[in-house]
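My structure is below; once you've seen it, I'll send some questions.
For reference, chains read A, B and C in written order, and residue numbers begin at 1 within each chain.
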Amino acid sequence: MDKKYILVKDTRRAGSNQTEHFAGLLAAKIQASPAAEAVQVVRAADIGFYDQGLVLKFLPGGPVYLNVSEADLDRVVRETVVGGRVLEDLAAAGTARQLRVVLRNCGVINPENLEEYIRRDGYRALSRALFEYTPDKVIEEFKKSGLRGRGGAGYPTWLKWHLTRSVPGAEKYVICNADEGDPGAYMDRSILEGDPHSVLEGMIIAGYAIGANHGYFYIRAEYPLAIERIGKAIEQARERGLLGTGILGSDFNFEVDIRLGAGAFVCGEETALIASIEGKRGTPRPRPPYPSVSGLWGKPTSINNVETFANVPVVMTRGGDWFAGIGTEKSKGTKVFAVTGKVKNSGLVEVPMGVTLRQIVFDIGGGVRSGKKIKAVQTGGPSGGVIPEDRLDTPVDYENLQKLGSIMGSGGMIVMDEDDCMVDIAKFYLGFCVEESCGKCAPCRIGTYQLLKILERISEGEGRSEDLDRLRLIAQAMQKASLCGLGQTASNPVLSTLNYFETEYREHIQAKRCRSFKCRDLLTYSIIQSKCKRCRQCFLNCPVQAISGDREVGFYIQLDKCIKCGKCFEVCKFNAIARE
Amino acid sequence: MVRATINGKVVEVEKGTTILDAANQVQVKIPTLCKHPDLISSAACGICIVKVKGSSKMLRACCTPLDNAMEIITHDPEIVSIRRTVLELILSKHPNDCLKCGRNNNCELQRLAADFGIREELFPKYLKDIPKDESTGSIVLEPPKCILCGRCVQVCQQMQDVWALSFLERGFDTRISPAGDIKLGDSPCVRCGQCSAHCPTGAIFEQDDTARVWEALQKPGNYCVVQIAPAVRVSIGEAFGFKPGENFTRRLYALLRRLGFAAVFDTNFGADVTIIEEASEFVERFKNPSPERPLPLITTCCPSWVDFMEKFHHDMIPHFSSCKSPHQILGVLSKTYYASKYNLDPARIVMVSIMPCTAKKYEITRTDEMFASGFQDIDIVLTTRELARMIKQAGVDFPALPDEDPDHILGDYTGAGVIFGATGGVMEAALRTACFYITGQKLDRLEFSETRGLKGVKESSIEIAGNRVGIAVAHGLSNVEYVLNQVREAVKAGRPVPYHFVEVMACPGGCVGGGGQPYGVTDERRSKMSRGLYEDDLNQPIRSSHENPQVQQLYREFLGEPRSEKSESLLHVHYKARPQYRK
Amino acid sequence: MKKWSKSDLDKIRASREPDRDWIKVGMSTCGIAAGAEAVFEYLRDEVARRGLPIEVKKCGCLGMCYAEPLVEVRAAGLPQVIYGQVNRELARLIVENHLVEKKLVSDHIYSFNREE
């Protein structure tokens, strides 16, 4: 009999971690059972379930038991460990699981090894497209799949290809938009680093479908490893005839070049991206004409995101119908999110469309790291908005997020807890947009700046009652009158925080109070004499000598000197510093 | 054709027509701050937004083509409120300098603010103190007043192919500046002033020299003389509510005397002299071309073009006419011929040129050859816009002035001289005289319609005494490269050159569209002004330069033959390559 | 280099992957930032020094960035597991306990809940 392994983990959020206790108990019971020699009990660092009490995971092959009580352990040993029978009442069910379509090879294959990619079905999709499908049939397959652009706007991929294909002309281009710039989002980087050939294969298929013979990877220069790996992948593909003339013996020719972005967020906008590749100042231009009609060098051009391309080979190998079977009615397939912020397990998560935000944050992300109450989830980066706790049960898809005042965006997802101030969050994103506005159109160039100034004032305690109306006025003008998507959405972080957390704004303006203690100018520190043990820690650690006194008379904070850095609050072991 | 409705009115327009233009057809005016009829829409200002039924988005009317069945709404409370907010945002980054701004009363931003009834500052101002750039001596850059509409950049890069102006920095800090943040005077700038002519605000404007003229006029002992360029007479009326193209030549003479000038000349006279010299030069080359004096001969009346050529096309120097521009010729003659004839001390003569042009301000000190009289031949250049201001300052009721004649020496002109102000005019005038020089006979044909009109490059060939004369006329500097390349390629391939005579004017439309002309120039106004000049030509009893009796007198009394030693030393120049990095 | 045709690809796919034991170290930006290079080098050298019949490989990001550096081990007779927050010391334990003694190392295994 093969040896079995049981992973043990106490996943309760509250209270002391009892993993060691339960593991010891279980090991002892097994030791006393007939299976003693055949099983190793192992304490896991993370068992993939959270807030599910004691979790046992049998390796290899399962099952997984959740919420196991001490009393269950005998049963588990008798029935499952010795008897090999699954206890249905304990078996895991109903928690969201990741589904790896885009990330199918990430972390699995060596990204620099072409053969490993091919063994995992790599370039099968390309072979199929070239030898079994006409370009129109390829597009048809994508129409079936329902795949929509993963860069944020969710435009149907097949339609973009179809439009580009329909424009007459021999010279057309495919561009891979790898200018990922949302704060906190790095899905595209990971895909390029972990599975570059899948993106390349997707791009070649796109070229075949629209009738382009040249593609460009537009990658931000801040991604050196991604650039290196995609560069190697291109080289390998070229050497083996997966790029170049007569690909795989067909009559299709395709070449690819890399262009580096200099780090401007706006160059992720397609017309600005094209300008950047052409060597011009990276600013958007009005559409129409859309790039599908007049794109790079004035030729029909299809611009697709990294994650979109990574989906392409799967759609081709497994079929559009299979793909359309995943997700919701209007949003098909999976979506990769970069879950960060106050979440326990920050990282990349790939789930089918339609999973709820709560499932992503709690079932997969492990909940809030600090154990505090979750306040909101921010999606869509600086173009998105915050979604408050009471809306977290919304299934994630393009339309739902938009209804909530946010957007899917490229897939950044930032978890916020009670320590996050919504004014501060809005200020952060506006600061980003002010930095990244290209300056071409007035509503965005000046609007973002005015918004930021108002937010700064509010967070400094200088807010005025008319400020909220001003914020809304500017935000609406920016939405309607900005030239590109960046400007049109740059006010979303303000509008959504204002929409869901107006009380917090009002507290800042009227009561001069920040309930999350983030807005430094609104805080006052003082020493609670009844709690102070006169240990001098605050006195010694204050960077500006704002604390005076001695052990005889006690210590006091001189408010005129205090810079509100919070150091005393941090170092006090007796909770004797009051922060208001 | 597409059919749609705008504010409920059915409109039918050519496919590709923008909503903005289509709206004009149904008497709807959509405001905009960045769109200019000369230019491709940059879509920068965000003022021209409109709604289309069925979409929550708003579209920019300036760059969105009208599509079939669209139902456009151009004005409703929401649209107007957003336009107003955008306008207030723009105003929050624009100084309240209206009262001391060169564009006061003539500013597109000011007008819009007035239309929207802006009465208070909704948003606090965040201005950046960027110093003025006065380094060109012709045009002044005042970045704090810039609203970043992008017109000047497009004008400089696309229309003029000069690439002096660009956007620098990003976001809120974006500003216009020569690339590399150098001074405009050190940049490729050729001072054509088209940027200033297209600027909607006071961010780029002509160097104001009116104070210097007032001072010169007041100073005892000065003998102030003045000349007016052809294009000025058909544009000055605009400043007083008249239509572009209306001819004010004789009222201008009266006006200038009222302002205190001792003698009033006409640049058209200088143009006639230019033609004598240039046509002689052409005939010489035409009969006997040589590597040193090759064909085609290229005109050099336009100082921006000369500057542009010396910087970027200096391989063409041998093709350049060495003849000075008309106002320089008049300048040097006023301080030599005129001075000696009337026994005046040339040191006391102050010569002022009224020009449609900002580059002329630079031309007058361009090389030592501009001091051929022993003094600075032209002392001050004013643009049409500056003259209009002087008229108003002087309290003269300009439209009501009686007609007067110019001073009869250096003042009488022919029809050939006056058409210098329109693109193709120099060519046409030169052909009239060149034909005579070649054939020795007066031609029955005086008009060369081949040279007229606003097409960017006009190529044609004309027959003179059995010889084919290839001509090309280019205006707007971006059209130059094509013409020059035709010549370069022919030379390289050993083919005969396609043209014998080439005219280049830097500004679209020629001088009527000059950078110093009244604001708001469009092709429609350019043609109206050109038409005004061609009418003046038609009305002249003498229409060929060589028939101008005063010009004949000048040669008899002073210069001798065309291209004589004297005229070479006074009226001709040399060129040198001054290469510069452009793009 | 020989250009492949469609059938060449099929041949590669049909050829059996060498059935070897391996250790994979996540070497994307997230892993490298957390110190994966040192772990990779240690494992590679240690495996070579001890002459263990196991290949040490690089791979991309598994997604559990909070637990980087990640080391996935497939050794015959043991379930395939992922160790997280691996440092040199833990890498030593993985070699000694997991590879040599054929026992899983407690307290460091990170287990996914996912379907492929």
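Rule of thumb we're sticking to: contacts are C-beta pairs under 8 Å (C-beta built on N, C-alpha and C of every residue); 3 or more make two chains touch, one makes a residue touch a chain.
Remember, it's a predicted structure, so these values are computed and weren't measured experimentally.
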State which chain is most central when centres are taken as means of Cα atoms. A
Label of the chain whose CA centroid is most distant from the centroid of chain A: B
If you average the CA atoms of chain A and of chain C, how far apart do the two points sit, in angstrom? 25
Measuring centre to centre with CA averages, how many angstrom lie between chain A and chain B? 56
Distance between the CA centroids of chain B and chain C (whole Å) is 73
At least two partner chains per residue is the criterion; list those residues in chain C. none
Going by the contact rule at the top, pick out the chain B residues touching chain A in the complex. 41-47, 49, 57-58, 60, 63-65, 82-83, 85-86, 89-90, 92-93, 122-124, 126, 147-148, 150, 166-167, 169-174
What does chain C use to touch chain A in their complex? 1-6, 9-10, 12-13, 17, 24, 26, 28-30, 32, 57-67, 70, 72, 77-81, 84-85, 103-116
In the complex of these two chains, what residues of chain A are touching chain B? 264, 281, 283, 285-286, 288, 434-443, 445-450, 453, 470, 473-474, 476-477, 480-483, 488
Give every residue of chain A touching chain C within the complex, in rising order. 2-3, 5, 7, 23, 40, 42-49, 57, 59-60, 64, 92, 95, 97-100, 103-112, 115, 118-119, 121, 123-124, 127, 130-131, 186, 189-190, 193-195, 223, 225-226, 239-242, 244, 248-249, 344-350, 363-364
